[in-house]
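Let me begin by presenting the structure, written as structure tokens, before commenting on it.
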Amino acid sequence: MTINVTVWNEYIEEREYPNVRTVYPDGIHEVLAGFLSKEEDLAVTTRTLDMADHGLDEATLDDTDVLVFWNHMAQDAFTDEEVERVRDHVLRGMGLVTLHSAHWSRIMQRLLGTSMTLSWKHDDRERLVCVNRAHPIAAGVPQFVDIDQEELYGEPFDIPKPDDVVFAGWFAGGNLFPSACTWTRGLGRILYFQPGHEEYPTYYIPEIQRIITNGVRWAAPTIRQREPIDCVALERTPEEEYAARHQ
Amino acid sequence: MTINVTVWNEYIEEREYPNVRTVYPDGIHEVLAGFLSKEEDLAVTTRTLDMADHGLDEATLDDTDVLVFWNHMAQDAFTDEEVERVRDHVLRGMGLVTLHSAHWSRIMQRLLGTSMTLSWKHDDRERLVCVNRAHPIAAGVPQFVDIDQEELYGEPFDIPKPDDVVFAGWFAGGNLFPSACTWTRGLGRILYFQPGHEEYPTYYIPEIQRIITNGVRWAAPTIRQREPIDCVALERTPEEEYAARHQ
Amino acid sequence: MTINVTVWNEYIEEREYPNVRTVYPDGIHEVLAGFLSKEEDLAVTTRTLDMADHGLDEATLDDTDVLVFWNHMAQDAFTDEEVERVRDHVLRGMGLVTLHSAHWSRIMQRLLGTSMTLSWKHDDRERLVCVNRAHPIAAGVPQFVDIDQEELYGEPFDIPKPDDVVFAGWFAGGNLFPSACTWTRGLGRILYFQPGHEEYPTYYIPEIQRIITNGVRWAAPTIRQREPIDCVALERTPEEEYAARHQ
Amino acid sequence: MTINVTVWNEYIEEREYPNVRTVYPDGIHEVLAGFLSKEEDLAVTTRTLDMADHGLDEATLDDTDVLVFWNHMAQDAFTDEEVERVRDHVLRGMGLVTLHSAHWSRIMQRLLGTSMTLSWKHDDRERLVCVNRAHPIAAGVPQFVDIDQEELYGEPFDIPKPDDVVFAGWFAGGNLFPSACTWTRGLGRILYFQPGHEEYPTYYIPEIQRIITNGVRWAAPTIRQREPIDCVALERTPEEEYAARHQ
């Protein structure tokens, strides 16, 4: 069964900053889409902020099983309507994989409700440590994944308690972080995955690609509600239903 | 140590509808404040929607350890600023006890992020079943609490996974519900407690009063952050700190 | 990919009691194996208590991806060694689906650590209520599943907090129960599913079959550790590993 | 309200090994009891392995609200009966605070059900990082607590998913660990706290003492069941109870 994956990237820094362009000359989304497209069960398209409706129109989301989302600077660009549209699709079952600084995206702030603040520091060394080996997102990934250069994201990190933390980040600079953590909101599964600062070639690391690929498959919907979300007025008691079935 | 409790009620239906006024002639908030005030460690004040800033001004929240909140119809009355103000205090440690239809309040929608939709039905009989006897909110409460008349709230209920469900509601009309459930958001503890439809004398039941009283004590802050919530830029590595401590 | 399923049944009451034999003339295991065998990805075999090693020998478990387990009276028949053998396979990744009174099996008591006590009552009517629609175990199952006759299992139920409760049981006799709940222990996934008293034709209900089938697929191992479980003495620091990789 | 605390120590290495005796000349239990005794609400006694019934007799446990437990080598000394006795008291409400290598104690293995295996390495530097600032066990403890010398305990650590991880351990040697984690089993609250290798003066560090003191208060029972744990046969339906109350 094919999973429709939409990779969304704000695609600003790769065009503005030479040191980022060097690492991701065609944008982070192209690298993400590149390795995901190699998987037979994934059908991948890309969207960027400079498209109509910022690439987050109703038709796109309606056709998306899992949205992979990289965001950093462009919080003010999003309209309330766009934020609500993405949230609504997640609550009705669309999977969401948010990467690196997208913890701070308006979409994550809206879906999770907390401040999403954290501690941070440039230029550190990270080691991902698997803390949940049986989780599908860890399948085929070694116990430790070393990343020579990353941005430190550390505690305190103001998030709701995750359903699962699959990988934790150990940083040489003396902090640790829930680097791959999951939530369910409505019918939708959400993965946040911390590595992937735009100045470093993190998304070229095979184990990182494996984790993201696993995450996309894990986040694919079990069910997808097409009608609007609403309260339900119940009409019959179980006694009435029982009677109706047995008359 | 005294806990400052603010009981907030929108106080509309008790004035507009005779059948509600009969049950709560001075408003639901006065009944709630009445039994809470009998506890030596609780200092209780009340606020209602018709006050300045809808009773949710900065000074009030700053002096509140736990906000008890009953809300039903007045969603449109709240400004975005008021919603954000309450949310901010919760994230910085203020306890929040939301009652009955306040699951649907803009404040809960903002803090929890999901749609908060549910199934419902008028005029049912409920039995609260304790499903977590060791939880402080269950202290001194029997295994079953029968409520002769309540509004059925049932599944599906679109909430984030609670930290704990302390009581579940069994309804004669064939449904069940996580009737007392808790979350932590930021530094703040949140209890949602379902019984308390305005037409029925639920808040006069001693066991219901006991659960709400327990909930207020449980929700009192461990710490309260007075400065704004913000990200933290780390400056020293642990090696640098270690060297500084040992030089 | 084929999942090897072993259905284990103590197979006592079906032979001893006519009212049970009428419902399950060839044993509960044959009904379970019957509907599971219709699934193309499941390879099903059966084992019963009267076999050598009580049907739980090392070779059987080694070839089993998911063990489906029905147990009621024969607690004293199991040796410590058998209990430890099953536990060890679960901790190394084998899935475990325990049915009805098997909550009380020595294997569940050993794996979960609590007393597994509950309240109970004969002859009741149950309604399964889905409380986690996005969970794979709920796929394709309606919001409510009515069971005309079941044994009431109710609170208090002394279990460790489940990872997820997928279905809760509403009983006409005034109780409720976490009827489908899951845990992860070591690398193994465990589902406990409450319906299935031996006197009633519960396992012939299509929705019950669907839940068990979903549960088997969900419990299939992500990884399976073949070497013994042991502590690991670490030898190199990440600095040493980093140096070794970059020399 | 006074909390009766029993500090149990196997008290072997402090007598056998000079380098341990130098650090804890009167035994680890005396240092633990020393700082706990300074709290007005704690009444502290000590027990050691060399006492009758290994210091874990029925009368002692019956009078204990919270058992603080340090164990390393003496697994074979415990009888099955002693292990079951402690487990039974925890399930009926006694709090349990297990320290350092006591993760491996027979009591923890019995209560939690998993293998409790981990990775380890001598002579490392640890930094405790608070990952749950609102938790009562973190009250008054800074964001980071540096321990100059500790034994590394690292992932994978085979435990059931904790209710809460309050502190995580960052080790210079490239690993991390759920250093303060909690579970509820039956009516009893359990804290496992990792720092405290017998060769290092960890228990003299004020912040470590604060965490253990917080943990003892947190683990004190909400309710304590004095009768044996057993299943409950229900007799009346809620309809019958309702009728009885209203006749």
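By letter and in written order, the chains are A, B, C and D; residue numbering begins at 1 in each of them.
We take it that a contact is a pair of C-beta atoms (placed from the backbone, for glycine too) under 8 Å apart; a residue touches a chain by one contact, two chains touch by 3 or more.
If you're wondering where the values come from, they're calculated on a predicted model, not measured in any experiment.
Considering every other chain in turn, the ones in contact with both chain A and chain C prove to be B, D.
The copies chain C and chain D differ by a rotation of 180 degrees on their C-alpha atoms, rounded to the nearest 5. Relative to chain B, the chain whose mean Cα position lies farthest away is C. Distance from the chain A centre to the chain B centre is 30 Å, each centre being the mean of its Cα atoms. Distance between chain A and chain D, defined via averaged C-alpha coordinates, is recorded as 37 Å. Multi-chain contact residues of chain C (touching two or more other chains) are listed as 127, 133, 144, 154, 156, 170, 172, 174-175, 184, 186, 238, 241. Taken together, the touching pairs cover every possible pairing of the chains. If you check the complex, the residues on chain B that touch chain D are 93, 125, 127, 133-136, 138-139, 144, 146, 148, 170, 172, 184, 186-189, 221-223, 238, 241-242, 245. Considering their complex, residues 127, 129-131, 133, 143-144, 154-156, 168, 170, 174-176, 178 of chain B touch chain C. Against chain B, in their complex, chain A makes its touches with residues 87, 91, 110-115, 117-121, 152, 154, 156, 158, 160-161, 163, 172-175, 183-186, 229-235, 237-239, 241.
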